[in-house]
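Structure incoming, see below.
Naming follows writing order (A, B, C and D), and every chain is counted from residue 1.
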Amino acid sequence: MENLLYIALFSPLVSSLFAALFTATPKKQFIGIIASLLIFTSFVSSSFLLAEILITGTPVHVEMMTWMATGNLYIPFGFVVDQVSVTMMMVVTLVSTIVHIYSIGYMDHDKGFNRFFSWLSAFVFSMMVLVMSDNYAGLFIGWEGVGLCSWGLIGFWFHKEVATWAANEAFIMNRIADLGMLIGIFLVYWNTGTLQYDGAFAAFATLDTATLTWIGIFLFIGAMGKSAQFPLHTWLADAMEGPTPVSALIHAATMVTAGVYLVVRSNELYDLIPNVGLFIASLGAFVALFAASMALVNRDMKRIIAYSTLSQLGYMFAAAGLGAYWVALFHLMAHAFFKALLFLGAGNVMHAMHDELDPFKMGGLKKKMTATAVMMTLASVALAGIFPLAGFFSKDAILESAFVEHHFIIYSVLLFTAGLTAFYSFRLVALIFHGEERYKLFGIDPHEAYKFMLIAMSPLLLLAIIAGSLKMTYYEMVTALLPATEYHIHNHLVYWIMTIGTQLFVILAIVYAYKKYANSKVTVPDGTSAMENSFGYKLLINQYYIPYFYEEYIVKSYRELSKIFWKQVDLKIVDATVDGIAGVLYSTGERTRDMQSGNLSTMLKWMVAGTIGLLSLAVVFGLAVRYSDAILAILSGLGV
Amino acid sequence: MEIGLNHYLVLSTILFAIGLVGVMRRKNLLLLFFATEILLNAVNIAFAAISHYYGDLTGQMFAFFVIAIAASELAVGLGLLIVWFKRHGTIDLDTMTSMRG
Amino acid sequence: MIDHILSVLIFFPAVAAVFGFIIHKDSMRAYGVAVSVIEFALALWLWFAFDSNVSGMQFMELIPVVPSFGINYILGVDGISLFIIILAAFFTLIGIASLTDTKNVKNMIITLLFLQMTMVGVFAALDAIIFYVFWELSLVPMLYIIGAWGGPLRIYASVKFFLYTFAGSLVMLVGMLFMAYFYYQATGVWSFAILDWYRLILPESFQLWLFAAFFIGFAIKVPMFPFHTWLPYAHGQAPTIGSVILAAILLKMGTYAFIRFSLPLFPDASVFYMYPIAILAIIMIIYTAMVAYAQEDVKQVVAYSSVSHMGVIILGTFALNVEGISGSIFLMIAHGVVSGALFLLVGVIYDRRHTKMMDQFGGLAHVMPRYATIFGIMLMASVGMPLTINFVGEFLSLLGFYQQSHTLTLLAGVAIIVGAIYMLAAYKKMFFGEITKDENRNLKDVNKRELLALIPLSIITIWLGVYPKPVLGPINNSVESIVQLMHDKATSVEAKIRIPNVIEGIVITRTPAGEAH
Amino acid sequence: MFEAIAFYLFAFLTISMFYITVTTSQALHALTALAAGMIFISAFFFILGADFLGAIQIIVYTGAVMALYAFGMMFFDSTRDVKEKQGNKFIVVGMATVAAVLVVAIFSAPILSDNIVALYPSVGAGNTQEVGMVLFTKYLIPFEVAAVMLLVAMVAGIVLAGKKMDLSLTLMNKEEILEMNEDKNKKVLS
């Protein structure tokens, strides 16, 4: 078993290093193939591990070697494959295998083909470290590692200014959150004496609530950054500058869900602090609505999907915050499948449209790209949560849990968001695949993607459809580790009303979206229509002016403050003080050199004056020595 | 009216002061040398007087050495003075400003 | 020979440098490389022969110099100094091996070898006077390197460097003399041996003053805010090799001296001054990071980032517990490797373009992919990416200080954010985007000689990041004994609480000042 | 009584002579006054019983030193009026007085506080004899050093002042004298 674990963990690393060897050489097809094979190996190993866990139910736990050991601190490279991490491993390796294969086609004409695979595999490795680690420090390695790879992949086309800017933004925003995470880790260490999950969880029970609350808050700040929760969400939409497979793998399926994973992993902590959990759930619900609202009007295909991801992450946090950890994890898994599928489909469309991203400039693509159209439509259906696709089971479970826990505000927000989700998903589908063939205006001749790319996507399609049926198997597996709360509405009538009502609401939203966007009247907006000038539209298209606020008030003021610190403070105050002291000495010398007029007569006068000074000193000291007793007596009398 | 040590010390003080005034106001190097001789002699008186009133010959010995030093100083000083005068044609102090800082 | 290995390590380069005067100019480079390879091999032998289970001093040597005043030539290494000595030997080797075409190569190599003598001397000396002598001597070769091979402002920079640090160390000398005097008063015997001083327990009021005197000397060397302004000038004007050695080794003298002198000698004062120093360190971290962000010259970015990282080292040192101090020592080594490498990298581009202004670059990743990769590795190490060498040190330092103060650590942790900001911004300006300047179109990627220096540094960066134990283990042992010593010596109640008792139950026999002799 | 009269008389004479030396604008007057002052000072030595020192004073100062000064003055055109230094006289006099008082105070302080012990007390023999005894026993080495010093000074004086002594202007022709004068301006003191 241990060998399987190591194979699952290290084959992505091998793949990355292998591809890295060829970064400076021209594109080589076999690198993509070998990298995909190695990731697939990792997937196979993970599957064996999953089978093992399903059969025996005992986690595999290994300690590879010591990492840091000093004082009382002991951090090993320890890895654990239990019910939770194996789920994540399956998701990560499966999606990344597909994305690797897909990328062979997608990155076909790119100069940095080899480099791309190196980064992508490195990401998979980091993600595996993140999910498999048995301690918070190891988690942090993966945490930062995925951040690094995300930086490298968002900025993959480094000649594009926006791409590198987005990469840096993503890295720095994640860093802000990582500080919270780091502080959380410090708190864990100084309060429990260990960073191992099992040791720390055991010790949590003995700690007071205040400490636990702080730990929970700081760890969650870390999760907020990685999972792009408000107010650290802006990087995710900008991260869409990266190649589309990257968006599919990192910014939809895996990395952004790391925050959810952290909360799920630390469930024993968050169980003890329901207040923080409630905050997480509320924030999650808010982000779900907030992101969905931005997706309603956006005119960038990838950004719409990114906002949808954000919104779904909100759902996951809502579930995790309410204590329904298994539901959150389940939604994570289901979401990974259909969202990756959606992104890969979007990649196909992008390729076909020569990197055109505005869905208003597409339309009617279903004739040219039938397979992609089918996949994206099904993925959107899954995302909207229509029975019997994956989204229905996971999203419904979240709604139920909110309802059962009597958090009706959260419930209604999530319900409303479900409608919005359906609307913007199908707005996108309708605009891209239905209606007039507006792309002809722009002289683009779309074509379907390579066949093997479509085949590579098919497992995701399959899973997006059938994942719901795995729900009970999954439930039985993970509840060995997570709290096994079943969220059932005991009143059958209410249950049916809710389920059918939700379905109807969602379907209505879909129908509305189709009606509005799938007709021939849709034209490319030119900024003149009444809607485009309304306040609400402007607010939404500008993302509530939050990026503007960050840029104007935080980035700019930081830049200005830095300049001031350098030019004004460092050069004009700190350094000038030092130079001033030197200058005083220097100018003293400069002034007193006039005494050295060279005129012997004057110098003789100075000599006499100096002699007087020295002689006076001699007299004073002589007297002081002579009368030292008396002086001491006087001084002590004065109380010195 | 007994003449005591203090009288001699006061005399010495006065002579020393005169010598210093000379040192400070003379411009002619030769006359400056004169002033230094006065300084030395003023101190010599003090030495001799102290020696006398204390019945200790050390003071006289000191005065003796002071005279020796004064003589040698004079020899070298005058030699330098002559060299200087040969080169510059003047021994005015105000012209000697090559030590300007 | 192993008994006198420290003396050999110190004086072999000096003797070799003297012989260097008679070597012909053309064979000087080979000679320099040979000498530094031997020196490095000796340093590795020292590591090999070093017993990591012993926490105290090893390879001690003692030759009386002025016995009546207790000035002796005492040498010794423990886990704290061992790796900095090795690092010094390593960087001299790398520096000489990768020396680009400079005028007067012969003088440069001789100077570097002398510099190596002083560097090893500082870290091996266990007598305050010997320490001081090497400490001051180290200024001279550096002054010469900056003054003779520097940029246009080199005279100003070198004089500033010299006078600033020299002024600080004079105050430190006064402190040392006072310390020896107190020792004399307490025991009736003069001694400048640091290990003797360790046994002396001073009243807190004395400690405060002595601590301050030592602090001035060390803080300027580190350099701590607001004494840091000599560093950007020195780095800005120094040739590449000068910056590398300055950043990698010379700055470490200050932080090393804090651990060697300030903490064990004045435990109460250390606790007393902990918060003020921590606040200075935090200002240093954030403020210089912001200043670094505003820079236009890539070398200044690295120079200010050095200051910023030194702040973390100081913070770790004043965590006053094993985690923090070990972390800060590890970070010294890490920062030495990483900033040394970064300065080498800046030197690479400077050799090609003869400018360090970032707006002159842009899109370098297109023409110099290998260079961009190595720079990227060092960049990530510099921002403290886990599994690189810097992270271990930074993590442990911050972790250690967290025990003392939560809020201040939170503020200091901003280092990981601001560090990322200026480093990524600089990287973006230099490497990303399209090539805008025609001069950059045909730049050559790093050549073999440069790789010779950069590859080992990259390997160390990753290796010690993944597996820091070979270094961290010996450091840990020595630090534990120092922390224990501090705990035992501490007189105030607060200090007793703040400084943990490492070896519970085992009480090291204390020798009160009056009874030491 | 006689002693007092002698003291005051010579004190008056000495002070006035030295005053003239310092203030006169005629170099020749100054020289003469100085020589007279020196002789008057020797009178104090005789009053104080330091016969030997008095004799030395007359011989060395009035004999040797004054003669040297007189020869020195022949080199320089000292018959002209000597320019006087302009400046604040109060400062000059004041500083001189303060310095003099301080010097004497320092010298006399141990005496006035009566805490010095005579190291080489007079034994009652004649002054010259006693001086000889002390000089050639306790102060033998300083005495010898002084002798060497005088010798060095003499040599130095001759070397410095006696440059080109081998040259005689009377024996040189015009060109040689001109050449020498040109050289003079170039040469450095060496």
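Rule of thumb we're sticking to: contacts are C-beta pairs under 8 Å (C-beta built on N, C-alpha and C of every residue); 3 or more make two chains touch, one makes a residue touch a chain.
Source: prediction; values computed, not measured.
Peer 1: Please list the single chain whose C-alpha centre lies closest to the global protein C-alpha centre.
Peer 2: Measuring from the global C-alpha mean, the nearest chain centre belongs to C.
Peer 1: What is the chain whose Cα centroid lies farthest from the Cα centroid of chain B?
Peer 2: Comparing chain centres, A lies farthest from chain B.
Peer 1: Once you find the CA centre of chain C and the CA centre of chain D, what distance in Å lies between them?
Peer 2: Each chain's C-alpha centroid was found; their separation is 65 Å.
Peer 1: What is the distance, in whole Å, between the centres of chain A and chain B, each centre taken as the mean of its C-alpha atoms?
Peer 2: The answer is 92 Å.
Peer 1: Roughly how far is chain B from chain C, centre to centre by C-alpha average, rounded to an integer in Å?
Peer 2: Comparing mean C-alpha positions, chain C is 61 Å from chain B.
Peer 1: Using the average of all C-alpha atoms in each chain as its centre, how far is it in Å between chain A and chain C?
Peer 2: So the centre of chain A lies 35 Å away from the centre of chain C.
Peer 1: Residues of chain D that touch two or more other chains: which are they?
Peer 2: 85, 92, 95-96, 99, 103
Peer 1: Residues of chain B that contact two or more other chains, please.
Peer 2: 20, 24-27
Peer 1: Give me the residue numbers in chain A that touch at least two other chains, ranges are fine.
Peer 2: 601, 605, 608
Peer 1: If I apply the definition of touch given earlier, which pairs of chains qualify?
Peer 2: A-B, A-C, A-D, B-D
Peer 1: Going by the contact rule at the top, pick out the chain B residues touching chain D in the complex.
Peer 2: Residue list for chain B touching chain D: 1-3, 5, 7-9, 11-22, 24-28, 30-31, 33-35, 37-38, 41-46, 48-58, 60-61, 63-65, 67-76, 78-83, 85-87, 91-92.
Peer 1: Residue numbers of chain D touching chain A in their complex, please.
Peer 2: Within the complex, chain D touches chain A at residues 85, 91-92, 95-96, 98-99, 102-103, 105-106, 109, 113.
Peer 1: Okay, in this complex, where on chain A does chain B touch?
Peer 2: 593-601, 603-605, 608
Peer 1: In their complex, what parts of chain A are in touch with chain C?
Peer 2: Its residues touching chain C are 23-24, 65-73, 137, 140-141, 144-145, 148, 151, 155, 158-159, 161, 164-165, 168, 171-172, 175-176, 178-179, 182-183, 185-187, 189-190, 558-559, 561-563, 565-567, 569-570, 574-575, 577-578, 582.
Peer 1: For a test of understanding, state which residues of chain A touch chain D in their complex under the given definition.
Peer 2: Interface residues on the chain A side: 601, 605, 608-609, 611-612, 615-616, 618-619, 622, 626.
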